[in-house]
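These are the structures in question, set out in turn.
Both of the next two complexes hold subunit A, though its partner changes from subunit B to subunit C.
Take a look at the complex of A and B:
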């Protein structure tokens, strides 16, 4: 009887220790680290530019309608206007990397409204992130010369001109939140 | 009596067993909780990613400030400084939310070398642009000829086709009395203050590059101090513009409670 109990305990101990410490699936620090690196690579690639052209990330902010977009299986579709979808390199890169790997993601734009207040607006929203979500942020400088019409841009996006004396407009912090489903 | 002794041994064994199971369970749960609470980025205090973002932003802001300061008239230093002060203030506030202290200072503008980063110590042999379909404008202004080499060590600009062969070149050098340009083995005296490579048909840039996809490459570029302006169309159909007028040294100090980074890097404008 005693031998049976001892064998049972040993089996329990062996089974228990084989599922620890790094097999906690989506909560795994290595998974988070992998997501973090992937997110950095995505936003760095999107923020690349050459030959006096805007980066894709900056172009995405400039052409933003102010709406929130949700992935519907094929497109990022606006919540308020069903025919309005995101197209271009940002959509393609997110689709080929995050969507293809089943990684849920949100993208938000954070910017200063005045000397005291900051606003965060969702650009792509696919639900509330889990406790083990990873956030990668990339800051983008906007100048008046980047915008065709700064007042129209402010009306659409609520991103204000922080300096009326020079061409400096604002800095937008693009936050990409990723988590495993 | 023997029966009671056996019961005692079973109780003792059960106590050890329960104790061992509690220890194993505690270790296992501790490991899971520890792993799930370890933020992936917790060991990245100031990462290369943040530094690259700061360098990129500062580069863009300086270029935009220069553009703003030169719009419509000659260089307006007040506008240039105000733009960068506002930029610096906003970045400082944004990083303060992350517990990072940021400060930014810049040097005065000075004439750039034709090297990759605009400094005399920069890379001398570098490709200015790839996959060119045609060029609308290509001019150079040499503001300081003191660094020009002689005929055996000239500054060179080459148009290279896709197999790497030179389809057009210009060599600029000082023969001791004049500044000369050797274009496709023809030598001319030139005015270094303005060289219109595209517009001057003597240089036959268009004739030699028509119908080709080519790149433009500089050699011995630390020989030249001044500015260049290049624009046109890529094979993708996109337009391009590569101008180099001045260079400025930007210095950023980034510090947290754990460490401090001081980075100085050259920015070419516009």
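Take a look at the complex of A and C:
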């Protein structure tokens, strides 16, 4: 009987301690909101088009080989071809911000295949995200005039031309998922 | 059980409505135990507890004001684009009129006031630094913003990190 009472008291005490969403821990709302701010800053900085040039993010999609890349400690290396790595402003910014702080991240491209279906292909993949992962996304519109050779672009990336009659090519949703290890 | 009544100092024989001193002592100890269990477990189950929640929120707000208003280029679609002229204006203001700048950011008040340090770094070095030197002890709230830094004189656009620290 006394043991039952003691266990009951312990359970009650544990239940009564206040752990709210604002309690400081590694998985609290502040960390998530800071990750969100950081992610928004990254995609916004990458999607800035200076003097009506293509943004760095759009350029990255246009020059995408269609492969999936994994961070190996120094480079984002292709899964299928080990000598193929990402270089340029996207890699530099991600390395400067997320990699430097030890934040794991995936980058995915989602685009329309036809009027009903979409396809999501990973661009940078570092594993399955945790429960406290934060996602930011940015939409990039591709036009026919952006692509030097649209048929070879479709072969590589499988992003199809949605409208043959107009200059509109496709819309790509760039999704950046970040989480603390 | 025979005992002496406190009321009229006569001997009573019925046991109703009485508390023995042993029972009272036991209950008191038990209540103390419950109190300490509550006190102890609340500390045990809040991991990585810190008191910096308040300053972190203030740092968040100040970082937004500095990045998107004070130093901003004014681009609606890229709110984190800052330019060199506004950045240098802000830092010269922060270093020459520290108290005025802090009260315009809402960090000085009758009830409580805070200190501020703002640093901008690019990939290789520290570009700007302003405000007070960081304290060696105490809670410091920090927010980092990734920005695009435009230098129109040298026709240069680079990414940088603004660190806003409030304590």
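We take it that the second predicted complex is superposed on the first by the 155 of 181 C-alpha atoms of A that agree within 3 Å, B and C clash if a C-alpha of one lies under 4 Å from a C-alpha of the other, contacts with A are read in each partner's own complex, and residues count from 1 in each chain.
Criterion: a residue touches a chain if its C-beta (ideal position, glycine included) is under 8 Å from a C-beta of that chain, and two chains touch if they have at least 3 such contacts.
Quick caveat: nothing in here was measured; it's all calculated off a predicted structure.
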Query raised in the report: In the superposed arrangement, which partner chain does A:80 touch: subunit B (first), subunit C (second), both, or neither?
Result: neither
**Report entry** First, second, both or neither for A:141, with subunit B first and subunit C second
**Finding:** first
Query raised in the report: More residues of subunit A in touch with subunit C or with subunit B?
Result: B
Query raised in the report: Which partner does A:9 reach: the first (subunit B), the second (subunit C), both, or neither?
Result: both
Report task. Scan A:117 for contacts with subunit B and subunit C and give back first, second, both or neither. Result -> neither
Requested in this report: Using the touch definition from the top, say if A:96 reaches subunit B (first), subunit C (second), both or neither.
Outcome: second
Report task. Would you sort A:33 into first (subunit B), second (subunit C), both or neither based on which partner it touches? Result -> both
Requested in this report: Based on the superposed arrangement, let me know which partner A:44 touches: subunit B (first), subunit C (second), both, or neither?
Outcome: both
Report task. Look at A:166 in the shared chain and tell me whether it touches subunit B only, subunit C only, both, or neither; answer first, second, both or neither. Result -> first
Report summary line: subunit B and subunit C footprints on subunit A meet at residues 9, 13, 16-17, 19, 22, 24, 33, 44, 47
**Report entry** Of all residues in subunit A, those that touch subunit B in their complex
**Finding:** 1-2, 5-6, 9, 12-13, 16-17, 19-22, 24, 27-29, 32-33, 35-36, 40, 44, 47, 51-53, 112, 118, 131-132, 134, 136, 138-141, 143-146, 162-163, 165-168, 170-171, 173
Report task. Quick one: which bits of subunit B touch subunit A in the complex? Just the residue numbers, please. Result -> 9-10, 13-14, 17, 20-21, 24-25, 27-28, 31-32, 34-36, 38-41, 49, 52-53, 56-57, 60-61, 64-65, 67-68, 79, 82-83, 86-87, 90-91, 93-94, 97, 129, 234, 238, 240-243
Report summary line: Per the touch rule above, subunit A residues touching subunit C in the complex are 9-10, 13-14, 16-19, 22-26, 30, 33-34, 37-38, 41-42, 44-45, 47-48, 50, 89, 92-93, 96-97
**Report entry** Contact set on subunit C toward subunit A in their complex
**Finding:** 34, 37-38, 41-42, 45-50, 52-53, 56-57, 60, 75, 77-81, 123, 143-148, 157, 159, 161
